[in-house]
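Letters A, B, C and D name the chains as they come in the text, with residue numbers starting at 1 for each one.
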Amino acid sequence: MTERRPSAEAGALYYWDYLGLDALLSAQQPRSDLDGEPAHDELLFIVVHQAYELWFKQILHELDEVVAIFSADVVPAKEMGRVVDRLRRVVAIQRLLLEQLTVLETMTPLDFLDFRDALVPASGFQSVQFRLIENRLGLDAARRLQIHGAPYTAVLSAEHAALLADSEAAPSLRTCVDRWLSRTPYLRFGTFDFWSSYAGSVEAMLDGERATVRQLASLTDAGRAEQLEALDRTADEFATLFDAERYEELRSRGQRHLSQDAFLAALLLSLYRDEPLFQLPFRLLTALVEIDEGFTTWRQRHALMVHRMIGGRTGTGGTSGHAYLAAAARRHRVFGDLFDLPTFLLPRSALPALPDAVAHQLRFASEAG
Amino acid sequence: MTERRPSAEAGALYYWDYLGLDALLSAQQPRSDLDGEPAHDELLFIVVHQAYELWFKQILHELDEVVAIFSADVVPAKEMGRVVDRLRRVVAIQRLLLEQLTVLETMTPLDFLDFRDALVPASGFQSVQFRLIENRLGLDAARRLQIHGAPYTAVLSAEHAALLADSEAAPSLRTCVDRWLSRTPYLRFGTFDFWSSYAGSVEAMLDGERATVRQLASLTDAGRAEQLEALDRTADEFATLFDAERYEELRSRGQRHLSQDAFLAALLLSLYRDEPLFQLPFRLLTALVEIDEGFTTWRQRHALMVHRMIGGRTGTGGTSGHAYLAAAARRHRVFGDLFDLPTFLLPRSALPALPDAVAHQLRFASEAG
Amino acid sequence: MTERRPSAEAGALYYWDYLGLDALLSAQQPRSDLDGEPAHDELLFIVVHQAYELWFKQILHELDEVVAIFSADVVPAKEMGRVVDRLRRVVAIQRLLLEQLTVLETMTPLDFLDFRDALVPASGFQSVQFRLIENRLGLDAARRLQIHGAPYTAVLSAEHAALLADSEAAPSLRTCVDRWLSRTPYLRFGTFDFWSSYAGSVEAMLDGERATVRQLASLTDAGRAEQLEALDRTADEFATLFDAERYEELRSRGQRHLSQDAFLAALLLSLYRDEPLFQLPFRLLTALVEIDEGFTTWRQRHALMVHRMIGGRTGTGGTSGHAYLAAAARRHRVFGDLFDLPTFLLPRSALPALPDAVAHQLRFASEAG
Amino acid sequence: MTERRPSAEAGALYYWDYLGLDALLSAQQPRSDLDGEPAHDELLFIVVHQAYELWFKQILHELDEVVAIFSADVVPAKEMGRVVDRLRRVVAIQRLLLEQLTVLETMTPLDFLDFRDALVPASGFQSVQFRLIENRLGLDAARRLQIHGAPYTAVLSAEHAALLADSEAAPSLRTCVDRWLSRTPYLRFGTFDFWSSYAGSVEAMLDGERATVRQLASLTDAGRAEQLEALDRTADEFATLFDAERYEELRSRGQRHLSQDAFLAALLLSLYRDEPLFQLPFRLLTALVEIDEGFTTWRQRHALMVHRMIGGRTGTGGTSGHAYLAAAARRHRVFGDLFDLPTFLLPRSALPALPDAVAHQLRFASEAG
């Protein structure tokens, strides 16, 4: 019999050992004590948070590789598929993160009360890995919400706080992507002045929209005035694209995060995304948008979950609970610039054609002819 | 051959006809014109919105039945299972509504530009059925965000505006559930004064929490002061439960929607939810929480989707786009009271036991002995 | 500073420690070696399997409690809500299990090749906890597929094989539910002969269907004959319900798992599920159906995933890979009886009314009047 | 007031009209009659099937474009991004199709009985659009399961049957992709004999695996023999790749669908997927795998749903219900070849390097240097 049992063999790998299940499955140590037994649902609480931490580790693994690839001076086209795949995997994992909230919500508020006091002052605010993810993505330390008037690391051990300080100083996905975007040679097309051609198309487009609003019988005078003002604001926003000073002003107010060149490059990629060389980079931008959306949604759902679980009470970490989380969902976005990008898109029909010399560079050797 | 063809038979029901597919599948009429062809993605845009409207009709169908059942003077226990099932079906449909956003997001901003102008001024703000759902759930007209300083019906046809005015006046899920909760005979237990027993337990619990905070060495002085203040606020919130005047004041400020009696009944159901008679009613409350959470999440995701699709631009309906939607996600909640409820829960161990006479009434005839 | 750091405090609970993250996050030990580095995707492979094992532990925790409650001689109505909630939580977790496959499928076959050989002979067939779940649910040892002509425990360590032998001998959800169903006092209603009334309705219903088929002009002669034969088979199936000998014969052939009394009780609960006393038990049956469906779907998706990952190759555990998994999806179902149950349902309009004395017993004391 | 109402304006587009909601929302015509009212759940049944048909129309729209692009003699690299996006949208829609089953399953078997008889003989087998999807994907008419010994069109109207006959004759995604793959110029690399280099690597790999199996102490003699035989079968499978006669034999037995050249091209793309020119084509293959997996899963879940809804009874269309659907899930797969492909993959480390002249052709003009 025994010869069929791999684990009994010297050296044969056994599923249980490979996955470290001795350690993994004994790491659930409930703290509550109801007449000698832990509260039934504390295990769920532990398991769901452990599953989060496992997935956070995986997300960091993916982000690390992407940051490493983008930290090089040149990112070869051969790597782009891999980069996009890593980021799309993060998006796939985010679906799990959301679904896990649904599982946690099978616990009722009354069940949570059975062990909630045993957890004070431990709190999800102490998830070091989630903070690492935020830093690796490129969340500006300056944008972070404070907790009780203290920085987010104040609730952490000295060792963990140091880890996070290091990660704040390390290159992030945002800074790497910014540099990569900024150095695209296609931003300035030699003699072809793309951006003034673009600006002309913008002006024509806005004039057309103004004419439409003026004619629209369905609008009240106030509505019409409001929409015309909105178009003026839009025109003004376009103007900021090319005015380095005004762009930096927006940036200093936290309304832009990317550098001006990077923002323009992202716009260019979006407009000419069908060019072979831009197809994967455009998918990269899309993946960044989805990652930002995924974490924002997760924070929003998390805030709702905390609200339904503890009402208006203070969280176990002493924070203001759901209100903090809802605020973080608004403030802790990293790639908000890419959400603003569509403001500046033009319909394909209004796009200037690329000069042949440029178009040629964006094709495959086999097609470039 | 033909005898095998049901449709060729007089009177035999044919799948295509049963589902009205002639009408359904010819109702996609794109408006855009790119060199004689509609923009490829306009069909997706139409189909996803039509699918929304189909599901909205189904949600209204479920809500209508639940409101009808709860409009009776007595809701027999025999109906409770059905009511809960109807509401849980709404929760299941909400997962679809969210997933449909993910499908719509396979359209890129540039693709949307190909037909966006052709839609002005039509807009999702004109979804009559979604407004009906909000009213049927019980969204207070007074809480609604205005659009351009005008009421939400201003963008609708006269006929549709009238429909919505009617629906505002009709009984809603919130008002029906409120009345049903308010008249529970178990709110006042004859000679047993449940609520003063409860209030005593609350006081003891808060005293315990205060003592913990005072001892917690991990807190700064400022943090300690903040948490003690939070506990004082909690104590004060408990006080509002039993003070009709203060409760009404909260209500007039929009911080409570349910009547005081209904709120207390919901609290009672949550605390003693294992009593057989309360098991389905507790599931009803949970379903209401999930419906509220579902629509809130959908509005939040919708706001993000609009942001990534049109950036900071004005929506096709002339509204401020994603900012409006994000604000509506905060304001248009109907069952927020039930999210606040956990503030007032007590651990089971601190709960007063129900007197036998009461407990007996909550059991089955076959068990009541 | 340090006073803000809970972890620095003697005794203050720290999130990291509470969740055992030192152990948890060091349990990922890749085996592959590509030029000194593990293959990038091996971490994903480990994490996804570890997440499975965490959730398997949680599922066992829920099943254990349900089996414990149902092992009592009487299951009080007060417990039924809890039982249903535990099982619905399992259903919620199953959605995660499926979604995790989608995450694993972000790994490509070529990426898997980078570390696949390092895992031989470890294999998912060695997941002890999944086997425990199967046994706890009540999978008959006799129905199990063999692996290489050896029992499923042959690939396990002696300790784990012993654990599974114990679990085969322990009460399962199926056996407990069977006993609970069998002893329902409502199976035999004193003088009211429910089942002969039911049998009469069945006969009338089948006669009606036969008449329809005979008239249906849309059928070919062969189709008509086929459908009439199908109705005869249905009539014959109904007959097996009340014939203890034939019922046992079905059971011995593996076409029924529940005892005859349990099957009839499940049918009764389904037919009169709106009676207050039956509302939660009916939800229990529904949850069992969904759990069975969830694991079947998971096995089917798992088989597809293995197929796309390794093609027709042999699995790391030496088994035939996806073909085994697809076969297990068909054979390892536990509550298939409940899927067959609808065969025997009658439309509500054809249902005999319950005698008053019976109906009274199914109501609440407060309503029983 | 009216000037704010777009719909009241001549010509102003109104959301309701744009979406054809008059037609769409009056297309739900229940057939059942329970005391003058339709059965409550018949609306759900209609709506869910109508939502399916809307999404089927969208899927056909996407497939049509992809087939059109691939029907050209040359597929420019510029189109590949779009093609992949269209197919990934189909994958996103398939998640909806699955989720809609979950919504339909909120209907219980007893509720279905309330209107099931009113639907006979209409049936999902009459979904013309689903059959069109199968044909557009490339399901071989010869592989189709028959219904009652008659072809699948026998249950359709003459007009619909003709439509399907046309679609069988039209180019399908499978046939177009096959031609596109077959004509890749990289299959035969001039003087570089890729395939014999590949065959050498295969032989070395299999020899290594044989050695491992021979040494593995954990195997029984029988297990070892079984695995060695499996490796022999694998070697034999590799042999079929290059032997046109044996490959065609596999094809005539239905074990391969793609032509030999197309299969080899798909293998090449998978092995060298990181080459810039292959990145999107590899994503195309992956999308085809996911579409096949999505429909297979949907059919399997559909079969389970039918089983739990009607048990072993005959479906409304007179077919054998869930058994048919489960069989179709096995037989109606279109891109099974791509699931088998991993059988023939080699680890990257064993891959022959591409000659410079070839590699150059696979790069971008800007990188090709």
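One rule holds in what follows: a residue touches a chain if its C-beta (ideal position, glycine included) is under 8 Å from a C-beta of that chain, and two chains touch if they have at least 3 such contacts.
Chain-to-protein mapping (UniProt): A, B, C, D = Tryptophan 2,3-dioxygenase.
Quick caveat: nothing in here was measured; it's all calculated off a predicted structure.
Enquirer: If you tally the C-beta contacts, which comes out ahead, A-B or A-C?
Expert: Between A-C and A-B, contacts are more numerous in A-C.
Enquirer: Please identify the chain with the largest separation between its CA centroid and the CA centroid of chain B.
Expert: D
Enquirer: Need the CA-centroid distance for the pair chain A / chain D, whole Å please.
Expert: 31
Enquirer: Any idea how many Å lie between the Cα centroids of chain A and chain C?
Expert: 37
Enquirer: With centres defined as the mean C-alpha position, give me the chain A-chain B separation in Å.
Expert: Chain centroid spacing, chain A to chain B, equals 28 Å.
Enquirer: Provide the list of chain C residues touching at least two other chains, using ranges where the numbers run on.
Expert: 4-6, 8, 12, 120-121, 150, 216, 218-220, 223, 273
Enquirer: Spell out the residues on chain A that touch chain D in their complex, using ranges where they run on.
Expert: Residues 3-6, 8-10, 12, 76-82, 216-220, 223, 273-277, 279-280, 282-283, 360-368 of chain A touch chain D in their complex.
Enquirer: For the complex, which residues does chain A have touching chain C?
Expert: Within the complex, chain A touches chain C at residues 1-2, 4-8, 12-21, 23-29, 31, 40, 43-44, 46-47, 49-51, 53-55, 57-58, 61, 65, 85, 88-89, 92-93, 95-96, 99-100, 102-103, 106, 118-129, 150, 154-158, 160-161.
Enquirer: Going by the contact rule set out above, which residues of chain C touch chain D in the complex?
Expert: Per the touch definition, chain C meets chain D at residues 34, 105, 108-110, 112-114, 117, 120-121, 148-150, 212, 216, 218-220, 222-223, 226-227, 230-231, 234, 237, 270-271, 273, 286, 289-290, 293, 296-297, 300-301, 304, 307-314, 318, 320, 338-349.
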